[in-house]
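One structure coming up, written as structure tokens, with questions to follow.
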Amino acid sequence: MENILQQIGIENYIYLSTLLFCVGIFGVLYRRNAIVMFMSIEIMLNAVNLLLVAFSTYHQDATGQVFVFFSMAVAAAEVAVGLAILVAVYRNLNNIDIDNLKNLKG
Amino acid sequence: MDTNLALLLLFAPFAGFLLNVFFGKKLGKGASGTLGTLAVATSFVVTLTFFLQVINTGKPVMVDLFEWLTLANFNVNFGFQLDQLSLLWLMFVTGIGTLIHVYSISYMHDDENMHKFFAYLNLFIFFMITLVIGSNLLIMFIGWEGVGLCSYLLIGFWYKNQDYNDAAKKAFIMNRIGDLGFLIGIFIIGYLFHSLDYTTIATALSSGAEVDATWLSIAALCLFIGACGKSAQLPLYTWLPDAMAGPTPVSALIHAATMVTAGIFMVTRMNFLFNLTPDVQTVIAVVGAITSLIAAAIGLVQNDIKKVLAYSTVSQLGLMFLALGLGAYEIAVFHVITHAFFKACLFLGSGSVIHALHGEQDMRNMGGLKGVMKITYITFLISTLAISGLPPFSGFFSKDEILMTAFHQNKVLWVIGSLASIMTAFYMFRLLYLTFYKDFRGTEEQKHHLHESPGLITFPLIVLAILALVGGVISLPGNSWLNHYLAPVLAKPAHHHELDGTAYMLMGIAVVGALIGIGVAYSKYIKQSAVPAQDSEITGFAKVLYNKFYVDEIYTAIIVNPIYAIGSFFRDVTEAAFSGFIFGLGKVANMLGSEGKTLQTGSIGFYLFAFVLGICSIVVYIFLAK
Amino acid sequence: MDISFVLIILLFGAAASYFVGDKWASKAALIFSTAAFAATAYLTYKYTGGASVSYIKTWVENPMIILGFQADSLSLTMLLLTTALTPIIILATFRNSINNSRTFYALILFMAFAMAGTFVSVDGFVYYIFWELSLIPIYFISLLWGNGDWESRKKAVVKFFIYTFAGSLFMLVAFIYLYQKGGNFLNTTLYRAILTDKEQFFIFLAFFLAYAIKIPIIPFHTWQANVYQKSPTAGTMLLSGIMLKMAIYSIIRWQLPIAPKPATEYMYVFVGLGIAGVIYGSILALKQTDIKKLLAYSSLAHVGLIAAGAYTLTLDGIRGAFLQMLAHGFVVVGLFYAAEIISRRYATGEISEMGGIRVQTPKFASMFMILVLASVAMPLTFNFIGEFELLYSMAQTHIWFAVIAGTTIILGAFYMLKMFQQVMLGEQNAKPFADVTFGEAFVFIAIIAVLIFFGIYPKPITEFITPELERLVRIINRFN
Amino acid sequence: MLLTIFYILSAITLATAFLTILSKNPIHSAIYLVLCFFSIAGHYLMFNAQFLAIVHIIVYSGAIMILMLFTIMLMNLNKEDEKNKSMLSRIAAVVSFCLVAFVLLATFIKAQPTITEYAVSGKDYQSIKVLGQVLLNEYMLPFEFASVLLLVSMIGAVLLSKKQHINN
């Protein structure tokens, strides 16, 4: 079985993940809709997952992929709780604009 | 045996002190007085046995008790050295001490705290003995501070009067200034010789050990500063006249006969050191001469009977220091002894007068006591003649010796000394005339109560007057027993003046000078019946003299007030500044907190930006910043 | 039986006084503190007989912390001071009615426990724990049972707490740094740690901050006068009698042997600071109108002298500091007790409202006078021995140090006698002043007896401590 | 061939990711995001990680995105009513994006990887069988923890979204 990386190269995956991660960051900073921010976070998570898989292949080792499973589990849990919080917020404020959430003021 | 006797000598007065402190009130006045007197008399008897022993054997008695202070380079032992000098001192300390105790039994009889008075007197004798018999400088320092303490306690004996307390406090603090000098001197000597024992230092110096001359001079000067404080020399003399606030026996014992001569004792004790520092000797002589002149000048116009005597004491002490500065230790000692006799007699006599007048001390309100107080008058007269330096009274011999030494070494000092002597003769006779001659100037009430003092008061007066009369025999010109006796403790041979023409001429000048002083006093106070003016009417230079050259005021202005001013400055400014600095640190932290708090905007967007930038900085710092 | 036993007694005593209830707390505290003193005395006796009474045990393996309580002559002497003063201080509180007294006495004993631990610890970490531990009880004692209104008291006490605590943190940093160098916190290891000049300098400075604040050396003293005034007298006694000795002891035990080079190099600075404290404290004492504040500033002057002596690095200076520490511990407790008696009966601390006490209570006046004289270093009192050695060590360093520091005997006499005159002498005050009770007199007599006995015969103490001090001085001067 | 597929997939991934963020309507965002996830699943397939790809699609596209869509619809957000952030924030966001991208890329470029050749062990390491073994042997405990985590988050979500009155 040949290694796909021989043809594509690990560095391409690194660049791709980096860019994807930065796009996620950009999303988080750019939008004020909490749900879209959530999506951006998912993008970031996926960028990392992609890189984990790439390196798993690079090392020819299953550990990286196992890590991705865990990361997915965490992401699922996070989304579930996060969305529940958003629902609660929405119920109280009638919107989910993060600029309105300023109760953490010191 | 010697050890036990020495301890008895030392602890008899201490036992008297303890008994009087703890049981004096229960014993009653007579018993406590007798107890105190007996305690000192015991010491006197022990001293006498030692004195005879040392005269016979010629060897000092050394007693070493235990190691007291441990220092890196040497130890200081609790030890006593009973040699010719200390025994001579003890003789008159305990002797006059006993007499004054006897006197006090009667004099203090009306005081409710009489047992305390005797306790303090005993304590004083205890410390004085310690001072004198110590075998090293530090034991002397114990006594030195101890007598200062007793002086403080006794000056402030009537502690309800805050003026007296002020005088006591002043005496203590002035003494402490001198004590600091003494202490520094001890440090330097300890550093140089690695010992404080007199014998060790003397041996080291006589064997010609390598010692830095500059440090030696500084040490000698520091010791002299100590002596200045204790013996009331310029510039530390102002406490002594104020010390007259104490009961009169205290003035006689402490501030005339014994404690104030401690400075002379110390310099004589350390004569081997002072001999090697001629510069310091010059300083001592000059200070002594000037003190004697200034004090005599102030004494000319004082109206308080005890103040006159106090200034006269300062003046006579100045003469003694003059002798010390000239290297004539045995003459200084001689004058100390004669002075102790006649000055104690004078003070006790004045006490007798004050006693008769119920506390009146102003000479302007006295006069005419000659008839009523015969014994007091006669003893007073003898002592006055002695202090004025008329032959054959004891004062003549000692004072004459001092002046003769001065004449041979430095004419200027001789002139100053002679001038002081003439003034002494004047003011002493002024005192005598104003007190005992002419008519009584006090109130009718006082006149009614005038009486001769009881026997317990006149007895010491008579003894002291006899001593003042014949005391000169111990060191007659040409054939001095004292010089011979003191020779073992002095590093240099005694001064010996040939009884030649110069000597007789000087004696003549001294006598004529004294007679001039007496004559002036006679013409003014007997012939013209002058009475000193009231305070407000004194003008001109007399006013300056009357106010003691304003020395106290000057000291207050240049030393005491600045210290208080600095104190206020410290309290109001620097304390606030230090405190402000510390609180300032707290305020800065507080401010950082409240400023930093505003960063906490609550805006998630802002946090995210900060978050991202923070991550960037960390990444840059870790991976890129190289 | 080893030295940890004393600590256990004190700790157990603290617990016991708390649990026996308000009524019996003071008695329990007195009994336990006396027992601690007896145990210490017995251990000292055993130690002089050649037995080892140390307690050394590894506490934590990593980092290496050793629960070590070493009994050498120095720590035993300080332990004796602590356990001797604690019963005296407790006895001095007997006449007061104290709210919630079981907590009060428990705190006092706990504080004694912490201070005793500081004196005997050989492990820097354990030492540091005890050092900080001692701060907690005094904080509560001063805060809850102090004088004056709550706000100003709280301000003073909190300032003191934060200030000393902040200073001590530097010491902790120094210890952690030293641990890296030495591998454990034992003082003997740390003495041997090889440090560059720069490291020594910073370590010295870190220790100095901790100690200078606690002693206090100017300009770190601003907490002192207020806290002394606001604290209850027992607290003031603990602070001035024992706690500040912790810092001086630590200078001798920790700071100088670990980092002697800067001490040698900048000796004049540190000796100068101490002496500046002497003058500054004395002059300020002259201007005080409150008796406790006056004593606080006089304490500042005295400890300045002690610190200056310790920083001369000579045997005389360090021994003098040690002796004076003991003497000052006793005399300051006695003076504060006298001040307490007066201000309690007059219900004021203002000197101007006092006077004429001697007429009414000659006994009290005499005892107070002796304490005043001891505090101005009268010969034949213990203080003279200490002060003489201190001043002599300064004279060896530089003669002007001795001259300037020596003004303490003048200024000290000035302010103490002035205070004594205004407080005790003069015409009888309108306010009656009850004579001292037997218990009060006992406290004074105990203190005076100690001061005079060792003033006349200090040899037992000097002989006891000198070999150990000589060893330390050799370590301190190892670079010369 | 594979490289071309990679480039195409990458382009889709990045483009849909961007579109997710830039779409005004959250519904569109969600749909773009699903596309993005599919393309990532494509990447996984290229690695021959079939199981992972399938799990990815099931979890992300199937579960998470559906959950999000439901939430969006629940809140009635399927309109373009979101107010834009201030110009300053947006510029700052762009600048931050460029900065992070620059910093991360610079870091990777500077790191100069020492990759010479890609190892081919020939071993099976990513089949379902192997993964199952690894997961249930070596990572047994974390695996169980993951289940606890999911349980807790489930309970949490239920509790949080329960209707409750909040008194202001």
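Letters A, B, C and D mark the chains as written, and numbering starts fresh at 1 in each.
As a working rule, a residue touches a chain if its C-beta (ideal position, glycine included) is under 8 Å from a C-beta of that chain, and two chains touch if they have at least 3 such contacts.
For clarity, every value in this text was computed on a predicted model and none was experimentally measured.
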Name whichever of B-D and A-D has more C-beta pairs touching across its two chains.
A-D
What chain is the most remote from subunit C, judged by the mean position of CA atoms in each chain?
D
Euclidean distance of C-alpha centroids - subunit C vs subunit D, Å:
67
Would you kindly tell me how far, in whole Å, the mean C-alpha position of subunit D lies from that of subunit A?
4
Please tell me the distance, in whole Å, between the geometric centres of subunit A and subunit C computed from their C-alpha atoms.
63
Please report how many Å separate the Cα centroid of subunit B from that of subunit D, as a whole number.
100
So which stretches of subunit C touch two or more other chains?
none
So subunit D residues touching two or more other chains come to 85, 89, 92, 96, 100, 104
Identify all positions of subunit A at which a residue touches two or more other chains, and write them in rising order.
25, 29, 32, 99
All chain pairs satisfying the touch rule are A-B, A-D, B-C, B-D
Footprint of subunit C on subunit B - complex, ascending
21, 66-72, 138, 141-142, 145-146, 149, 152, 156, 159-160, 162, 165-166, 169, 172-173, 176-177, 179-180, 183-184, 187-188, 190-191, 218, 563-564, 566-568, 570-571, 574-575, 578-579, 581-583, 586
Subunit D contact footprint on subunit A (complex, rising order)
1-8, 10-12, 14-16, 18-27, 29-33, 35-36, 38-40, 42-43, 46, 49-50, 53-54, 56-63, 65-66, 68-70, 72-81, 83-88, 90-92, 96-97, 99
Hey, which residues of subunit B end up touching subunit A in the complex?
597-605, 608-609, 612
Touching subunit B in the complex: which residues of subunit D?
85, 89, 92, 96, 99-100, 103-104, 106-107, 110-111
Residues of subunit B touching subunit D in their complex?
605, 609, 612-613, 615-616, 619-620, 623-624
